[in-house]
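In what comes next, chain A is part of two complexes: it sits with chain B in the first one and with chain C in the second one.
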Partner chain A sequence: MSAAIDSLPASAAPSRETRAAWALALPALMLFTGVVVIPLAMTVMLSFHDWGQYKGIEPVFILKNWREIASDPYYAEMFSRTFRVAALATLITAVLGVPEAYILNRMNSPWKGFFLLVILGPLLISVVARTLGWALLFGGNNGLANKLMMSLGLIASPIRFMFTETGMVVALAHAMMPFMVLAVWTALQRIDPQIENAATSLGASPFTVVRRIILPQIMPGVLSGAIIVFSLSASAFATPAIIGGRRLKVASTLAYDEFLNTLNWPLGAAVAVLLLAALVLIVVGSNALIERRYAELFR
Partner chain B sequence: MKKNGPLALAFHTLFVVVMLAPIVVVCLVAFTPEGFLSIPTTSFSLRWFKAIANYPEFVRAFGTSLWLGALSSFVTVLVAVPAALALARYRFRGRDALSALFLSPLMIPHVVLGIAFLRFFTLIGFGGTFLALLIAHIIVVFPFALRLTLAAATGMDRATEMAAISLGADGFTLFRRVTLPAILPGIVSGWALAFIQSFDDLTMTVFLATPGTETLPVRMFLYIQDNIDPLVTSVSASVIAITMTVLVLLDRFYGLGRVLTAKGDAGR
Partner chain C sequence: MSFLELDHVGKHFGPTVAVDAFSLTVGKGEFISFLGPSGCGKTTTLQMIAGFLDPSHGAIRLEGRDLLAVPPSRRGLGIVFQSYALFPHMTAAENVSFGLEMRRVSRTEREARVRAALAMVGLAGYEDRHPRRMSGGQQQRVALARALVIRPSVLLLDEPLSNLDARLREDMQIELRQIQRNLGTTTILVTHDQIEAMSLSDRIVVMSKGRIEQIGTPQEVYERPASAFVAQFLGKTNEFAATVDRTSSPARLVAGSWSASAPAGVSGTVTISVRPERIGFGESGLSGRIASRIFQGNQWLFQCETECGPVIVIRPNNGQPQPAQGEPVHLAWLAQDMSLRAAGGAS
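On to the complex of A and B.
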């Protein structure tokens, strides 16, 4: 595509091209500067403002909200719950999603595409509807999920899912599973099947092939899938709000509460900014680690 | 390539069943003839679908969601097509930064975006209006429309354009007769994905919606927070049916695989 541009006469100066590009992108750029960059900056500023029950928001620069988050153990517990739930959901998607992607990849043509659609399709179905489904399955101590597992002899007594972290982890892992399967699937597409055949012909068992040949090659895909799942889980709203109920708060539901119930916007903004900053650090940091670790694969 | 063993197929079956279970349960419960949450065993009934008509707030929210989805995806496409052409055609300083900025709504948690929009629109006096909701939705669905249009524009054969230029086509004719038809499938599927995203968004919208501008997901969410009854399952089942219809149409038109890949890559 750039070859066509290069073959244009040299008179088409780069500066003219640059101007054309910026002109085309200008409407979007203006929209994003006005309605993304500026509001985000305003939110950061908001987190430094003061707030009182009767005086409302006072546009001063103080560290009150940040100090409250740092000193009150409630926030430490809430943030650690947020990241604990996200980490567990990520672990489950990896443990179940990686083998599923591998099995999918070994299927024959019509089934392969069909099941890929079945697994990825829920991504486009309303997250409220999907979470409602889990609420129905969990529903109290004699919900369907418990009845089924008890009749199969998997568990002796019912597990509490509603309003617990366990339920949140299960529903989140379900909601995020397509992202993991897709990331691993993409990585599997890049593997040369002949390597697997070569290993088998040299006497490697199927288990050895998976452990020594497949896994090392798809590891970057698994890790990038894990980063996506983790960051989306840590900032998820619908699932923790519906399954966790009103008392079991995570960062996003707490920020929602501060904004729409307590009306302490500056404190809510501080929680949200902290969530954003933590996620940016985690995502950028782990991306850098992965790229350094697997530098040879990215070259 | 070797076949999957029986153990692998058993795992696969269980996996697919669990993936579909919540969606299937919602759709089953929606057909219950009872007045409480139950899975119909002997007879199916449409009573809870008929009951939706008695709850004008759901009907109104559905209308708001349809309008919002249609308008925001339309405007998004208008803005995203030139931006995608700029990113696909030209190599210029600041291109990577621009592309990162346009895709940033995928990276930024929607809670943070919702808060930022609420603060911004309240300060400039647009708090609680449909316009605020519309602009916010344009931003949030923009990356999806951009991605699919970008993919179409990058994959396009430029030789046809060169031929049109050499035959004397001016800029507008070139775009209307050559470029636009070539990238149209990408635009349409980008529009459809943007519509679905707007129609389904809860996390960002819940901050901006007021009783007058409630969207369907927001109405459903607030309803579920109070109590769960068969009514909300029949509403959910209707939403699932609508989404499935759009997906089937999309699959006919463009191939669902590519659309899902654009959606599933969120965050990268």
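On to the complex of A and C.
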């Protein structure tokens, strides 16, 4: 881009070029400002407003909502549950998704396409339909999942899935699996196909090849997959709402309830803004860490 | 003598025959090249020796032992891949060290051997570099050091120089040959570059369509090609028809206005094959005209129109006056510089 600008005649070029660049960027910029920046700024402002049962929203600047979130352990519990569920879902997708991607990558062409579709399946189904499906599988003590595991002798007594964090983690991990598999698969495709042969010829066992050669190279892919899965899980709404029910809330369902049930918009806004800020910090921070740690692989 | 032996090795992929009845004995310390166009089965053969592919039939023996029964990780062969296949997350030293770690070599010995191996390929001081921070030539050297540090019984090179530019490739050829001579490692090189095969190898295996066309020293395959394929694949060659005239005594071999006494046992129409650098301009011989001449620095390349069709002549730029374009010339060569084949046949 800069090279193209540099090659133009020096006279009159800078101002005209700059103006043209701005003019060309303007439609997208306006859209971005209109649908992202302004609503977000309004939400942030809203979180500083006052609210009362009878007076409604008062456009003043107070820290009441933020103080409430900071002092009431109820909110700390909500947020710690949100991040605990997201972290566990991320862990499960990583543990299952990495081998899944590795096997997928080694498959031959007709099966590869078929199983890729199977893996992408959760993305092709409506989130509500998918989660209700899980609710049917979980369905109390007589749910299909429990019956199956008990008849297989995996568990002695039924596990409670509905309205528990366990159920949320399982359903979220399933929904997020495609993101992990795709991220790892992309990393696997960057690997020189001869590299496993090279390691084998030097005397490495298949296990050593995976541990010492493949895993370190796909680690950036695993971690970026983890970032995507974590941030999507932490802000997921439908799955926690259906599996968690009315009582077991996470940050996003809490914000929803404040907005639509309690009608305390300012408090809901504060919860939403805090969730957003925490996620941005986590994502940007871990991304920077990954890029520094794996600088050699990104060259 | 036989160190590595391939005995009627074949590989089929479904109905396609990739390699057919490949038999070769390699002596200890020998440098062998598999030469052929892409798809001739040379890389497939190399992969079968390495163990990445299982032969459909045949046997491979190393020092008399069945190599096919040994898993690839235990064969102890050093392999340099076309893409180098270096481990990008490891430094040069860690790359070279990997094979020694797998062999449970002690740390102190490992460090000394890694340093020595990198020094041998001219990369002393590059121990802590990552492969992606190195040039193609340097990566190539790391790959070579990594393959040699485990003291392999056989070194397998899969088109190792094809990703380097021409000048670097020539330097690496000389260096590779020197290292191989010093270490005495039995080496098999897969290449499609005839110059590379000729300048590096003790013997060349010329392959085409999964079959061996000829096995011989570089001079043998160049001077006495066993088939039309070999003659055309290695260097340039001129081919034209000649007839044996039995009416004169002794019988004479005639091509246009050129003739020589016919060797015993040939008759009818034959194909003469002569290398362009073996043809000289003389007072008599095959008459023709210089259609064009190209100056190439160390030599002149002439394209001549003759009675027997187009003929290429290469003359060294030795200060002697050379014929100009359009000039009529007579082409002559010595009987020992040509090879004869029955006309029409493929070989």
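The working rule: the second predicted complex is superposed on the first by the 273 of 299 C-alpha atoms of A that agree within 3 Å, B and C clash if a C-alpha of one lies under 4 Å from a C-alpha of the other, contacts with A are read in each partner's own complex, and residues count from 1 in each chain.
Operating definition for what follows: a contact is a pair of C-beta atoms (placed from the backbone, for glycine too) under 8 Å apart; a residue touches a chain by one contact, two chains touch by 3 or more.
The structure displayed is predicted, hence computed values, not measured ones.
Novice: In the superposed model built on chain A, check whether chain B and chain C fit or clash.
Specialist: In the superposition, chain B and chain C stay clear of each other.
Novice: Looking at A:Ala199 after the superposition, I want to know if it touches chain B, chain C, both of them or none. Which is it: first, second, both, neither?
Specialist: Only chain C is touched by A:Ala199; chain B is not.
Novice: Is A:Glu17 contacted by the first partner chain B, the second partner chain C, both or neither?
Specialist: first
Novice: Which holds for A:Ile69: it touches chain B only (first), chain C only (second), both, or neither?
Specialist: A:Ile69 contacts neither chain B nor chain C.
Novice: When the two structures are overlaid on chain A, which partner does A:Ile213 contact: first (chain B), second (chain C), both, or neither?
Specialist: second
Novice: Answer with first, second, both or neither: which of chain B and chain C does A:Met78 touch in the superposed model?
Specialist: neither
Novice: See if chain A has more residues touched by chain B or by chain C, and give me that chain.
Specialist: Ranking chain B and chain C by residues of chain A touched puts B first.
Novice: In the overlay, answer first, second, both or neither for which of chain B and chain C A:Met42 touches.
Specialist: Only chain B; A:Met42 stays clear of chain C.
Novice: Considering only C-alpha centres, what angle arises at chain A between the directions to chain B and chain C, nearest 10 degrees?
Specialist: Rounded to the nearest ten degrees, it is 90.
Novice: Quick one: minimum Cα-Cα distance, chain B versus chain C, in the superposed arrangement, integer Å.
Specialist: 8
Novice: Which residues form the common part of the chain A surface touched by chain B and by chain C?
Specialist: Touching chain B in the first complex and chain C in the second, no residue of chain A appears in both lists.
Novice: Please output the residues of chain C touching chain A within their complex, sorted ascending.
Specialist: By the definition above, chain C touches chain A via 50-52, 72-79, 81-83, 85-89, 98-99, 102-103, 130, 132-133, 146-147, 150.
Novice: Using the touch definition up top, name the residues of chain A that touch chain B in the complex.
Specialist: 1-2, 4-5, 14, 17-18, 20-25, 27-29, 31-32, 35-40, 42-43, 46, 96, 99-100, 103-104, 106-107, 113, 115-137, 139, 144, 171, 174, 177-179, 182, 193, 196, 206, 224, 227-228, 231-232, 234-238, 241-242, 246, 251-252, 255-256, 259-260, 265, 268-269, 272-273, 275-276, 279, 283
Novice: Would you tell me which residues of chain A are touching chain C in their complex?
Specialist: Going by the criterion above, the answer is residues 192, 194-195, 197-205, 208, 212-213, 216-217, 294, 296-297, 299.
Novice: Spell out the part of chain B that touches chain A in their complex, as residue ranges.
Specialist: Counting only chain B, the residues touching chain A are 1-4, 8-9, 11-12, 15-16, 18-26, 29, 37, 39, 79-80, 82-83, 85-93, 95, 98, 101-102, 104-105, 107-113, 115-120, 123, 135-136, 138-139, 142, 146, 154, 156, 158-159, 161-162, 193, 196, 199-200, 202-203, 206-207, 217, 220-221, 224-225, 228, 232-233, 236-237, 239-240, 243-244, 247, 256-257, 260-261, 263-268.
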